[in-house]
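The chains carry the letters A, B, C and D, assigned in the order they are written, with residues numbered from 1 in each.
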Amino acid sequence: MVVILKHGVNRDKADLVKQQIQKRYPHLTDIKISEGEEIITLQIIGSKERSINPTDIEGIEGVERYIPILDPYKLVSKDFQPYPTIIRVGSGKNAVEIGKEFVVMGGPCSVDENTPEIAQMARDAGVKILRGGADKARTSPYSWQGMGEKGFEKLAEAGQAAGLPVIGEVVDTTRIELASQYCDILQVGMRNMDNYWLLKELSQVDKPVLLKRNNAATFDEWMLAAEYLLLGKDDKGNGQYIGGNPNVILCERGILSFDKPNSRNVADANAVTQCKNKTHLPVVGDPSHATGKRENVVTTGLAYVAAGADGLIVEAHYDPSLAKTDSAQTIDMKQLSYLVKKGEELYNSLRSFI
Amino acid sequence: MVVILKHGVNRDKADLVKQQIQKRYPHLTDIKISEGEEIITLQIIGSKERSINPTDIEGIEGVERYIPILDPYKLVSKDFQPYPTIIRVGSGKNAVEIGKEFVVMGGPCSVDENTPEIAQMARDAGVKILRGGADKARTSPYSWQGMGEKGFEKLAEAGQAAGLPVIGEVVDTTRIELASQYCDILQVGMRNMDNYWLLKELSQVDKPVLLKRNNAATFDEWMLAAEYLLLGKDDKGNGQYIGGNPNVILCERGILSFDKPNSRNVADANAVTQCKNKTHLPVVGDPSHATGKRENVVTTGLAYVAAGADGLIVEAHYDPSLAKTDSAQTIDMKQLSYLVKKGEELYNSLRSFI
Amino acid sequence: MVVILKHGVNRDKADLVKQQIQKRYPHLTDIKISEGEEIITLQIIGSKERSINPTDIEGIEGVERYIPILDPYKLVSKDFQPYPTIIRVGSGKNAVEIGKEFVVMGGPCSVDENTPEIAQMARDAGVKILRGGADKARTSPYSWQGMGEKGFEKLAEAGQAAGLPVIGEVVDTTRIELASQYCDILQVGMRNMDNYWLLKELSQVDKPVLLKRNNAATFDEWMLAAEYLLLGKDDKGNGQYIGGNPNVILCERGILSFDKPNSRNVADANAVTQCKNKTHLPVVGDPSHATGKRENVVTTGLAYVAAGADGLIVEAHYDPSLAKTDSAQTIDMKQLSYLVKKGEELYNSLRSFI
Amino acid sequence: MVVILKHGVNRDKADLVKQQIQKRYPHLTDIKISEGEEIITLQIIGSKERSINPTDIEGIEGVERYIPILDPYKLVSKDFQPYPTIIRVGSGKNAVEIGKEFVVMGGPCSVDENTPEIAQMARDAGVKILRGGADKARTSPYSWQGMGEKGFEKLAEAGQAAGLPVIGEVVDTTRIELASQYCDILQVGMRNMDNYWLLKELSQVDKPVLLKRNNAATFDEWMLAAEYLLLGKDDKGNGQYIGGNPNVILCERGILSFDKPNSRNVADANAVTQCKNKTHLPVVGDPSHATGKRENVVTTGLAYVAAGADGLIVEAHYDPSLAKTDSAQTIDMKQLSYLVKKGEELYNSLRSFI
């Protein structure tokens, strides 16, 4: 950390600031004070920094600004684990290795009676994991809220019939057990990325978790959410963590835009590259939610792959106009098939370099 | 709704679009087609619109854009209930009428051993409701996560001793019962504004709910979250709503900024005015989270009042440098007292006009 | 246009609104009034709409909202010109056809003494047009402001020696003549995209213009800026336009992010796809400014190509650490060469589909 | 500055980084190297920092991040000039002291034939300076572009007749002379805040300049734009600055929002408070552009005053529906009069504290 003191704070006051920091964080024994030409700064460099809460320091009188030096996350970092995490789902010839091979997860936005048929066609188009929503999180209470438990059942059946592992969303702590019963991968939707209560529970589960980035989360906030999953739960608040789920898949699905009428979100391809540079976790892109527009899904999907994604998750239907939800961003089987093929080509072509 | 068709779509294709809309929404019997000079549009005006999901329509081939005509929310609207909702908490001489009198809710960010003393001093400074966090939602898993159940206990005791009703946050559906036991008002934090599963459960509770705006939520998304609370729960998906909680307080606490180093969030005073123009619900501003900086809390608090707020919720401590969390944005008792006094003056001075 | 009236406005008042609109816009003779269940709307569909200023209508009492139906731009639209615009620069074996072949424009951020050498190496790496800044627009007055006129001279010389056409930036109306003397393409930087005075003058110039998108401009605002260039100048305010420059290249260079520390801007690949869907103008991506980080430039560049870009403009140097400006986002010759090669491969592979 | 090196960079490489920094900036003789537990950092504290360009440092191999310690601006800072700048315009009984008394600048968005009448009424409502646009910067080329030179004439005449100094906008370097001839204050519109070529020319002019904040500018970028005005012009690039205009008025007019349909911009009241905390320059708020909505102008105007503004600039008309431009955000004389009165009351009430 570097602590910048306000203009006009002298050495005596700087010592007081140091004392106040140490009163709160007694283990910070080696804070150095540097007197500059215009201002004074305090520094400490070391892993102790991660336990410091910036606003604690900025709350001390005389402090202008707190600057962290280290990345705030640790377990998700490549510095901590240099080799890539590979996540295996399914078995036999349906086995998939996320982080090692190019993987497209596809299927309808919401599970309904057409899901089994879509599953078969999606598999033929090259999809390796079936997606589909059972519990839905809808902006309006007047919108359809999904099939719930029956949806999970149907999703699992459709996956089994098509020979595909399935991914489904968990929207509340009370639904983890249900979802775990039916799904091979549990999805945390973008609205729940910062639902830390849910993340702590999912850190106790023996299923891979796909963690969508909230559309307003910084890269660091997203990484810290993943850190919650890997770290486990400190029930007694004594620094003893229970559990911890190492099988986390990151998912970029577009960030908030000032130009909503033209773009539901903005695909942040750069963040995907940063995931590959900074973490050991696999990362996929979701071009359906990133664009909101069927005609832009394929190009944005390829853009994610160009940026280094290990795979994609897309909404697809044999007749998108029949999709129960998200029809406008649902692609058809021809587009899906093209996306899988071109995506794989590009993935293989870039693999040696990125 | 107005449905704008793509350039080049002719009358025959427009009829097909109309048919597809009616196949999905059979009750939309009166769709009109208008042929313009360059393009064709379809229109329907009426309350049926609220059941339409824009992406369903935009998913139909030939459709360029869907434009809603009505506000998507109903129960929270002034058009539906023209007189203001007034929410009563506390009793006897501690009774408070939110929406009728100027109300400052104040107290520490997190409950700890100093809370009882803060409560007394906050009351003396003019605070009418005690705030304090027991279950905390923290960005980093390495940050302190709050006192939990013991925190709720202590908060309730401190409020009782000082003669103040209390407000506390609910972070998960499994914590509603606990929080309800101790708190007079249940707070939904900004990260949970779009946790619809939680909102549905809170629509069944007999306690007022303070609903913070997510820092990335549009005005309409915020209003729809409130609508979830007022509307109740449709357990069987048959359009029969159970419960519904009419006692909702809106809370603006700043929105996402591209200038984070200088401003944690941006206080959206304009949104407060819009609340007063559009809804019958009381609205308060949270200048602590909106600014993140102690020295800007008072001015931003007054800016919210100038914009029409019915009150404020602020983090305060007799010695902000001791605050367990959010120290940098916690004001002291002198600032609190000034804010209450000037806020009330301004509130009364503007009351006749707004 | 659709004009939505406020809740409670009756038919008589709606007639008054119609009269007020027609008083301001006498040629809008065919406004239709539709009485809905909750509210009344007014409509007119036709090209007359583009002359309407939304805030004029929203300023009329009783009006809730103005909704445009048509895209606000015309000359840049595919609906107006269905075949793609191809822009030719250079001659003989140095001739380049932007919009027809894959084109990478590359070179140093700022022109300096190393520019001639960079030009040669960039050409060998596959670059077809040399870029380099002479007049620089710097955020801080304490930063180096560029070589000015001498820079233009050196840029032109370096291009000629390497057999490459050159592109240079025009920062003010008083510099158009100078820049035109030395450059084959005139660049409008992102800060000047909405400098309409400059655009009007550039609409009179016989050189292609590359128009960067402002990092806070919506897609429509960007297109309207291009429309200024194509339309020409109405000196006398009588609707008679002089000039008009049909040779406009669009350039996406990233939009404003709430996550600046991690990403200088966010590459909006989706906007590139939208350019291809909506306009006939060629579009290039600028991954250097979009990312701000050398290690992310190649992947983001390929993401732009995946999204449909006709080419790229990148900052490159044989030794990026020597770059006078923008060193952090300047790639070296090996990266440049890889980007050109993989970019071209991808461009050709996708060409048939997009 | 603090330079954070990448994980894994050892002491020898750190020395190399230091050498490369000193090669570029020979005057940085006292760089200290600190070896931390996980990483190494380099530091230098002193005014030399302002000459460093962050991307130069981040461009060096092995560097992870550059962190500035000092504010990047100097002349506008309170640290440099502790007493407030007061700007005098007009003379005799029309004299106004901006920064000392509460000042509302008001008038039509665009000058037209009604301007003289508006001027008289605005003066009666308490306005002290007349505003009005002659050269207009319009998003669409199909919108009316203003009266130009005749508009400046009419504005000056209207001001003289009403006994009010006038403020008018300069949209291009070639219009400075014209505008200076007629106006008492020159306005730089939000689109030109980062038009550094224009700012350099205005640093040579003997008239106060009102500098609007670009709606996508960070606080620091805005301050640096003001720094351009105060610093003057370094024609020969030898560090010798000519001129410099000390009479700069800052103007906050709302920043970019992700919620445009509900709010044209978001008034950043917090930034106004920050201006008062950080600089010696007077600051005014522009609630018309910040909200875009007549019914929200008064409350947002008062919010700016609550935040510490020295005054306001507002669009007003005796009949807003007649306003040639920006009709929707133009208030009438009754609202104007109320805003001036309540604004002044609030300003005086808070004066002692802020």
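Assume a residue touches a chain if its C-beta (ideal position, glycine included) is under 8 Å from a C-beta of that chain, and two chains touch if they have at least 3 such contacts.
For clarity, every value in this text was computed on a predicted model and none was experimentally measured.
Counting only chains that touch, the fewest steps needed to get from subunit A to subunit D is 1.
Chain pairs C-D and B-C differ in how many C-beta pairs are in contact, and the one with more is C-D. Using CA-based centroids throughout, the chain positioned farthest away from subunit D is A.
Subunit A and subunit C, compared by their mean Cα positions, are separated by 32 Å. Centre to centre, using the average C-alpha position, subunit C and subunit D are separated by 26 Å.
Once the centre of each chain is set as its mean CA position, subunit B and subunit C turn out to be 38 Å apart. Among the residues of subunit A, those touching two or more other chains are numbered 216, 256-258, 260-261, 293. Within the complex formed with subunit A, the subunit D residues making contact are 2, 4, 7-8, 32, 34-39, 41, 43, 45-47, 67, 69-70, 79, 256-258, 260-261.
Residues of subunit B that touch subunit D in their complex: 216, 218-220, 255-259, 261-263, 266-274, 277, 290-291, 293, 295-296, 298-300, 302-308, 338, 342, 345-346, 349-350, 353-354. For subunit B in complex with subunit A, the residues that touch the partner chain are 20, 50-51, 53-61, 65, 72, 135, 137-145, 171-175, 191-192, 194-198, 214-216, 218, 221, 224, 227-228, 231, 234, 237, 256, 261, 292-294, 320-321, 323, 325-330.
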